[in-house]
Amino acid sequence: MVRVTVWNEYRHELRDAHVQAVYPEGIHRAIQGALQPHFEVRTATLDEPEHGLTEAVLEHTDVLIWWGHMAHDAVEDHVVERVHRRILDGMGFIALHSAHYSKVFLKLMGTSCSLRWRDDGRHERLWVVNPGHAIVRGLPLWIDLAHEETYGEVFDIPTPHELVLVSWFPGGEVFRSGVTFYRGAGRIFYFRPGHEAYPTYYHPDIQKILVNAVAWAAPTNGPAPVFGWAPPLEGTPTT
Amino acid sequence: MVRVTVWNEYRHELRDAHVQAVYPEGIHRAIQGALQPHFEVRTATLDEPEHGLTEAVLEHTDVLIWWGHMAHDAVEDHVVERVHRRILDGMGFIALHSAHYSKVFLKLMGTSCSLRWRDDGRHERLWVVNPGHAIVRGLPLWIDLAHEETYGEVFDIPTPHELVLVSWFPGGEVFRSGVTFYRGAGRIFYFRPGHEAYPTYYHPDIQKILVNAVAWAAPTNGPAPVFGWAPPLEGTPTT
Amino acid sequence: MVRVTVWNEYRHELRDAHVQAVYPEGIHRAIQGALQPHFEVRTATLDEPEHGLTEAVLEHTDVLIWWGHMAHDAVEDHVVERVHRRILDGMGFIALHSAHYSKVFLKLMGTSCSLRWRDDGRHERLWVVNPGHAIVRGLPLWIDLAHEETYGEVFDIPTPHELVLVSWFPGGEVFRSGVTFYRGAGRIFYFRPGHEAYPTYYHPDIQKILVNAVAWAAPTNGPAPVFGWAPPLEGTPTT
Amino acid sequence: MVRVTVWNEYRHELRDAHVQAVYPEGIHRAIQGALQPHFEVRTATLDEPEHGLTEAVLEHTDVLIWWGHMAHDAVEDHVVERVHRRILDGMGFIALHSAHYSKVFLKLMGTSCSLRWRDDGRHERLWVVNPGHAIVRGLPLWIDLAHEETYGEVFDIPTPHELVLVSWFPGGEVFRSGVTFYRGAGRIFYFRPGHEAYPTYYHPDIQKILVNAVAWAAPTNGPAPVFGWAPPLEGTPTT
């Protein structure tokens, strides 16, 4: 059974009454609730020791989900290194919404990961542009969210491996909202929706995408690369 | 100097008064006018012998631009084969608007190239999502066209080599409007705008994109592949 | 359970004694044997009515495997159309070895699919270059085949969606031997090894790749695109 | 005229007699000599103040070429940041040979950039696999280098934007030797050959690739992204 760790900064929910009203136990609990029927799910938050991401926790994590916003800088660099190394070794990584600016995502991308934004709480429509992708299994052709923050292009990421979803916003913007990347043996999914002030993570189609994304990002157990000096491999094999 | 052939179906302009009002000499002449200062530009149309695309014409064409809509089926298969072969040999190919359903484009893509559409003459906003691409040299971050046909996803094309422009429409759709592909040694650019009833090809930024796209699609003169049986290539070279 | 149809031209095995010695019941039976423990597997061959690929068979096929070589032209165009349409609708397609020149593969690619070759029966080494890909689950970093035909670049295919395996040959060639493509909702895997005169399809690692590839290519059941005229989708949603 | 800066670590040439014999004035001078007829070329080396890469130098650099090997760690982080920022803003970057482990390249890639290697001074054959790419303009289908270091897959880089060249080595390895990436508005080319002990950078075809790569990587002067809070863009435009 795939083992998921949902990491949440967990500060907005403790400080802002209107966020607490939406996610009284934290965004991580809402996501855990959605994934629990399908996977083995634990949570971790910024203010736990080691941000809840010890070597032992990561070793038992197949897919790490990350939500962060106001305290990206508070994540310690040695934990970022640890998470990054695990991803290259095959752990899946799902970066949600404002996690585009998290240290881990920045390190994986190598770009500024900047974008246009406007917190207007208006409509977002997510269009499926790659209906053959495993992440949109069982989804409709588009998903409407009544209230979300607006993000707009240019989104300064490397060319995604796969473009799965593109958002439309009534203020005139478009955004590559569901994009995948490979780094090492790890699979990465960035998924745009999920501003802390709106009940996005309770939406059944958003939950379905998260379930699909975890299944997609789980390690594939391919061969472990051997790096460094290597002997020649000559000679005709006998098999 | 890059040699361009602008191919146009040239039927709407001869039959529909409102199209003729916009393009009195045909869409091909409007595009020729835009490209002329930069390249050597000829035109060809469906009702010329061989559709104006003889071996000789193609041999002297570096980049072929294609506009078609109501008479895709009237294009003869042997001409389609000829154009296709030239593209694989390195000729650039720019498919405009409803040319997504042209025989040549379908043959290059291998998919249905279907899409959603609605001819409502409303606003289109083209967003640059790849500001480092040569096709958007000198362009603004977005282009507004007051009146255009609406296209919407899913656009059934193979994953593009490069996604350069994404359109936003007020009716709620998004569309991958500027996409590139390699096929053989040929470079292909599909560019969405250009419904026959609107003066899209007179817009200075649209013209600039066409100029850039021609320069980008011109043959690169790399090595010509040698196919078929080949001798072994062993032995340590001496240089 | 994933339903596989293994299609084989099945002519070399009936005509050439040295091929019959290797695959007495045909290449399709060897592949069926490898897949049977994991999937529901039927076979079809060129000389059956409709080449064994009736509408009914295709409707009950999740992944179609294709081996052909000397009789590509004998495959009727209406069957090619049928197979092509099913792939766009989501059926997986695995093209083996000389199936690079099959009508179905050519139609999917839009290029010449030509390559260099030399039937010298020498060594092939397949290197995994994408160890995170599901197709190399459980594989070693490289696979040695004692006797195979040599293929060499340039392999005239569109840029693959994913490059999984690259072959090394002692005669000095390299070849992109394991490559994936999306077309419509269908996933396509081209896999180079498998000349009829060598026992390649009995090799346990080759069989493992075929098993993985079938699992990878099975339909994902995403949303079915709706094409054509579409009404506007305006108005703020209420959910 | 495109302005190039050739950066070289320049330590092997000063310490190792056999390297000095090959590149008496340093690798940077050999490369400068090859590029000079086509571009405006300056050089910079590790032991100059600021490693020769001041803000002023970078501001006047369109394409930066990087050769480093034994002293990657001696490159100061603030210079790495400066170079990285300039690349995202559009400066081209060409990483040569062991620069796969340079701090700048690692930061751009987000992976370990590790590989297999063996300094055996044997034959390398570079195959063109993308004959339509501008970087192989005027080249033959393959290039033989009599003596080079061997590199082998797995090369732990993100999926390249474009795969242009694949190397074959007599010891049984293959390697993705010419690969491109976009990061921000910057274009990146990694090019494998160029061990310090062999006269690789004097080879006319290698020089041709470097010339082509500089032309390809030069800034395209697309629109500069505007990031951060943005006003809505509603309303039908009037043009």
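Each chain carries a letter (A, B, C and D) given by its place in the written order, and its residues are counted from 1.
One rule holds in what follows: a residue touches a chain if its C-beta (ideal position, glycine included) is under 8 Å from a C-beta of that chain, and two chains touch if they have at least 3 such contacts.
Every value quoted in this text rests on a predicted model; they were computed, and no experiment measured them.
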Interface sides of chain C and chain D: same vs different residues, half threshold: same
Most distant chain from chain A by Cα centroid: B
Cα-centroid distance, chain B relative to chain C, in whole angstrom: 31
Centre distance in Å when chain C and chain D are each reduced to the mean of their C-alpha atoms: 36
Touching two or more other chains - residues of chain B: 125, 128, 130-131, 141, 152, 154, 159, 170, 172-173, 182, 184, 225-226, 233
Parts of chain D lying in touch with chain A, wherever the complex brings them together: 84, 88, 107-112, 114-118, 120, 150, 152, 154, 156, 158-159, 161, 170-173, 181-184, 225-234
Chain C partner contacts - residues on chain D that touch it in the complex: 125, 127-131, 141, 152-155, 159, 162-163, 166-168, 172-174, 176
Residues of chain B that touch chain D when the two form their complex: 90, 122-123, 125, 128, 130-134, 136-142, 144-146, 170, 182, 184-187, 203, 220-226, 233, 236-239
